[in-house]
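The following block contains the structure, expressed as structure tokens.
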Amino acid sequence: MAPLLEVRNIKTYFNTQDGVVKAVDGVSYDVNRGETIALVGESGCGKTVSALSILRLVGEPAGKIVSGEIIFDGIDLLKLSKEEMRKMRGAKISIIFQEPLTSLNPVLTIGRQISEGLEFHKNMSPSEGMEEATRLLKMVGIPHPDRRVHDYPHQFSGGMRQRAMIAIAIACQPQLIIADEPTTVVDVTIQAQLLELIRNITKELNTSLILITHNLGIVARYAQRVFVMYAGNIIEYGTALDVYHSPYHPYTAGLLGSVPRLDEPRKARLQPIEGQPPDLIALPVGCSFQARCAYFVPQCLKEKPRLIEVAPKHFAACWVSQKELKPWQIL
Amino acid sequence: MATNKTNAANVSQRPVHTLWGDAWFRLRKNKLAMAGGIFIILLSLAAIFAPFITHYGFAQQDLTAILQSPSAKHWLGTDGLGRDTFARLLYGARTSLAVGIFTQVIIVGIGLPIGAIAGYAGGSVDNILMRFVDVMYSFPSILLIILIKAILGGGIYQLFFAIGLVSWVDIARLVRGQIMSIKSRDYVAAARAMGGMGPYITERHLLPNSLGPIIVTVTFSVPQAIFAEAALSFMGIGVRPPTPSWGTMINDGYAVIFSSWYQVLFPALAIALLMISFTFLGDGLRDALDPKMRH
Amino acid sequence: MTRFVIRRVLWLLLVLLIISLVTFLLMHLVPGGPWAKGKPLPPAVIAAINAKYGLNKPLYIQYAKYLWGILHGDLGISYSYQDRSVTQIIMQSFPKSAILGGIAFILALIVGISLGMAAALRQNTWVDYVCVMFSTIFASVPGFVLGILLVIVFSVILHWLPSGGWGTPSDLVLPVIALAALPAAYIARITRASTLETIRQDYVRTARSKGLLERNVLIRHILRNALIPVVTISGPEFAALVTGSFIVETIFSIPGIGRLFVSSVFARDYGLIMGTTLFYAFIISVANLVVDILYAVIDPRIRYD
Amino acid sequence: MKGKTVFLSLLAIVLAMVLILAPACSSKTTTSASTPQVLRINLGGEPDTIDPNQAAWAPDLTLIGQCFEGLLSFKTDGTLTPDIATVIPSTSNGGISSDGLTITFHLKTNVTWSDGTPVTANDFVYSIVREVSPVLACPYASFYFNIVGAQAYYSSGNDTPDQQAALAAAVGVSAPDNYTLVIKLNSPQETILDCMALWAVYPEKASVINQYGNSWTDPPNYIGDGPYILTTWTHQTELVLKPNPNYWGTKPKLAEIDMMEITDANAALAAYLNNQLDIVGVPIGDIKTYMNDSSYANQRLLVNQLGTFALQFNVDQAPFNNVLVRQAFACAIDRNAFVSDVLDGVGKVTTSWIPPGMPGYDANAGSQYAFNVTKAKQLLAQAGYSDVSKLPAITYTYANDTNDTTIAQFLQGQLKTNLGINITLNPEESNTFQSNVNAGNFQFAWFGWLADYPDPDDWLLSEFTTGGGVNQTHYSNPSFDTLAKTAETDLDNTTRLSDWAQAQTMMLADVPLAPIYNSETFALVKPWVKGLDASDIDYSIPGDRFYTLVSIASH
């Protein structure tokens, strides 16, 4: 059975004063029905843009999807008319943004902001919409939803706002939800609650989920598969466990290094990721990680590594790891 | 902001990302703003070196050549007393620019301290000062100007003073707002923690950071002052003749509008041009200095 | 909210008191008097006139008398229009300025907001450039210059419209344009700026992610937020417009309060100066109060306690 | 797509405007097509007051003149003619007592108010007493101070009502019967008759004034005895006059007079060019155009005014305390250039103070100080200022309206080029200017005088006698004073006028002021305005004393 979403080699570029920013430069991944995948990477590695590309919300005219295919439920979203695409948004695919305060309209009540989507896609009357909104708020665990539905965003706490965002996202029972770093702005205790909430809801509605995060730690628990992005490319992917336990790409390893791991005793000290990600306007020839990689071989400067199946269902794009062994095991 | 595709060539020399350097970089890119700025500079030079540009004096009457239309001898014609309009336009630029700029000195001179004190001190001081500002707001400024002018008499300094005295309110409010917002920021808190004195903090941290918006506001209020001067001259309470100002020239021209309309046209155009230049420059500066626009 | 309004109203009264005092003092500080106009008058006559208006009494008594009068709803008498009381004069001239200014204000709002919106939504297209040009140019042409040009073109050359006067609707067209041009340009500029600001906001992206119609995104999410700054400036603008413009009313000979006011200052018509000044201050304060209330209505984040 | 809708809405606005103005233009054409007997003139502003007693402003008189008539009035040649009075009182017809202290008017019996009630002597008594009442403090009251008890009553502003009432009763005007009016004077005064012809003592109907108070001047309360009645007064906009059905004299031809209140001269001219006015005064800047443009040949009207404009010196302030300096300045002004360049030819060069068309006019008066640069330099040298840099700083004070500003700059130029003297210009808001000049806070300034009534004493008595009511130059000359005194009380016109002529020559020799020009009115009148009788006694608009004769031809 075909996956719900197939992203094929999309390139999303931004025109800026200073030049063309290749935010997403040929990324491919897929999501099965009911599956949760994670897009992982440092901020600015293009994971958010690749997600927005799915909804075709990369702010035109500056940002543009220059090539690629996004097959959702058998149809190429990039070929849809504006109108058809609009009907997709919120109804079939919805998104939870990372900054709930700025992502909610300050001058509209939470209720209205939840119900308006319903009014469009489920053509409910405003009053029905409000009832549904109340139900949804209850579902995402807002106390006294009947009262809170009339509140304005600034009257909600950070966590509650994010719950409201979730309510908006699930309002029309979409088949795919994109959660863009949903927990970065809330503190750790609430993080867990929210992620649990998202997981339960997706289970309940059998919705697919793209979880975007820079925290590999949570990935293992919530996602089935992980796609690691760096400088607009996917440099490694596989099942959450494989990637988590035996990363092939030095970058992934680095990311893991930046996560405290209680399950394994520390062996060799890992390299923390030093330096800055490359300038997306002027990408270097060869591997884009070269500058920060402790293990690079001359080849890294010449040619860009392609994703190779380094282990069953486990792919990585790294010249060193082509040698069937993890870079740091050379040492 | 212009989103012109730039190739790798000029990527190499990316701007330095300090506020001022960055602002200057962005301002240079804004053609309108630069055009405005250049016009203002040229006009100022023309005004300063007027005697070298035209050999006519602004008060030099030639009763044999009254209300003449533009000619080789008198490029923009002559006025009701046979004075060369072009010459008067040049010397008038002195007045208009002087009014536009020196008024700002007074405006800032009054508005900045009041705003700064109100913003920094806060509490009852702020309250009193802002109530004062409210009173100024609900005062019909034209009344104040006329009365002040009548008390002080008709000279250009009195004019600066009269206009300045009624238009400092906006700056005061702006500075206050700025300082209030910046005051809450960490580095100021830090400075205070390190035992920095109030005035020291105000001058070291608060003012520099609110400078951008102030510059922008001032740039916009220059044309306002020129406006005011023109309007007052139109009411006949402008600068002391025979000193020309574009306002008085419009006023004189208005008296002969049906017979020789260009008498009102040229100074009117001049004012409009100067205004537009300042507006463009102001826009440019705002876009350049506004931190929100920085990426 | 109500407490806020009450506080503001009380404050308003205080402001009016202060203004009346300052005006009164300034007024009497200025050389000249209600008798000093046109033909020179013999001392006997000047003395008699001073006696008639009680100008020979000490200032504090005059001021006290005036306040007493106001408390009894009497704004006093005009020295230059001896056949009518100040209240009558204001009531006769203000409505005209108000009608004119009101229309101009509405026009300015419509044109300004539409232009600003169009420009922002079509940023860096010809639409934008045209709108920006319009607003910059009209924000840069002095009102009286514009008025004069309008008269020359439309009444003197084309004979389309009356050059001035009051009564028929056609009398309104030119002055309304002359009045509305500047605020329209100003509003357009502000609307454009704040709209550009707003369309970059995350919540607009959110709205789009819900798949709303572009129209609804615009009206519900962009417009309402973008108009907040417009509301703030519209208060003073409105007050300024309805209280009349000396210059426009002179050029188009509109029997409004703006002209009346300035001429009263020149004529040292103490009674009328006080009356109009207080009236003016009152209008402005009320306008600002209304704006603050409106402000709280459209922006729920604002709370007055 | 949003952009489009916006532009549609803009288009809609523009269209709306066009729709508003479309009917406007059509209506304009129709009004100028038919010929109602309507005369449309511009008063130039809202009347200060239209109460005859209190009026002083020329435009106000234009209106009052239509709605009221007095005992006597002036003919275009400036001589008196009886109106409500049966005859002009004189010693010969016994109207003036031999001692000249009692004047008796006999009134026509068929004169009625516009409400139909008869006009009686008591109405005049009421009006005259009211004119000099301290309650109103009328500006022209001083013209009647020679009436017994008038000044005492007028100056009783701080007295109790009872005291004032007593003084009012003591004023020397009485009505022995309904159609006889007796006036008692302190001293003989030939010109009292001129004063009795002024608006200030037109009859007023006590009953309306007592009933309506201030608002008696609002139609329909505005009861007069003139050929027209005021039917509507839209304040700051226009006044509409209709014929008075109860008018005793010959019925006017006009069915209506519209008096606009356009303050701005250019706006008024625009209105005229736009066929909204039938008569308009041409603003100084535009005179040349309409003087020379042949297409206006049949619309031009140039009328002489009983007015003189002059440079007045404060004889108390250096350097003008030196008569030679004053004389030098008088010689330094090129009057011809002034009239031709500043006034564009509207006005007549003069050195005489009393204008032509007035009894006692002397063309040669002051001619010794006509424009003459060499003489001016000599005089300065005599004054000890052969080196002009030795002169104390000189400031010229003037009211800051457009015309006076032009004049000021012209004078500055003249003194610079002709004598090499640099003077400072001090523009003052007209009100400040007036009070400063009254208080003598000036070195030299502009001074204009328009006749209240055509007689020299209006020009010399209070202006130049020591401590005279409006003596702004502080000029003081005993021999002038004695001459003035005799002339003032002289009932024999020939000797009186010769005395005044002599007095003027004496005054002009001392140059407290240097006459520059006699004013004229340059107006445009639509060709369809017929029977306009313009003269130098017009109030403010050509022919405004005789609009009863005017009619509108078809056009």
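Per-chain residue numbering starts at 1, and chain names A, B, C and D are given in the order in which the chains are listed.
Just so it is clear, a residue touches a chain if its C-beta (ideal position, glycine included) is under 8 Å from a C-beta of that chain, and two chains touch if they have at least 3 such contacts.
Remember, it's a predicted structure, so these values are computed and weren't measured experimentally.
Distance from each chain's C-alpha mean to the overall C-alpha mean is smallest for C. When chain pairs are compared by contacting C-beta pairs, C-D ranks highest.
Chain centres were defined as the mean of their Cα atoms; on that basis the chain farthest from chain D turns out to be A. Centroid to centroid, with C-alpha atoms defining each point, chain A and chain D lie 89 Å apart. Separating the centre of chain A from that of chain C, both taken as means of CA atoms, is a distance of 54 Å. Chain C and chain D have CA centres that are 37 Å apart.
Touching two or more other chains at once are residues 266, 270, 273, 429, 432 of chain D.
Multi-chain contact residues, meaning those touching two or more other chains, occur in chain B at positions 2-3, 146, 150, 254, 257-258.
Within chain A, contacts with two or more other chains are made by no residue at all.
Listed in rising order, the residues of chain D touching chain C in the complex are 1-3, 6-7, 9-10, 13, 17, 20-21, 23-25, 27-28, 46-51, 54, 56-57, 134-139, 141-142, 145, 151, 154-155, 157-158, 214-215, 217-218, 234-237, 260-264, 266-268, 270-271, 273-274, 276, 429-432, 434-438, 462, 469-470, 472. Of all residues in chain A, those touching chain C in their complex are 55, 57, 59, 86-91, 94-95, 97, 99, 102-108, 113, 116-117, 120-121, 152, 154, 165, 168. Within the complex formed with chain B, the residues of chain D that make contact are 265-266, 269-270, 273, 283-286, 288-289, 337, 341-342, 400-402, 405-406, 408-410, 412-413, 417, 425-429, 432. On the side of chain B, the complex with chain C involves touching residues 2-3, 131, 134-135, 137-140, 142-144, 146-148, 150-151, 223, 227, 230-231, 234-235, 250, 254, 257-258, 261, 264, 268, 271-273, 275-276, 279-280, 292. By the touch rule above, chain C contacts chain B in their complex via residues 11, 15, 18-19, 22-23, 26-27, 29-32, 124, 136-137, 139-145, 148-149, 152, 156, 197, 236, 243, 246-247, 261-262, 265-266, 273, 276-277, 280-281, 284-285, 288.
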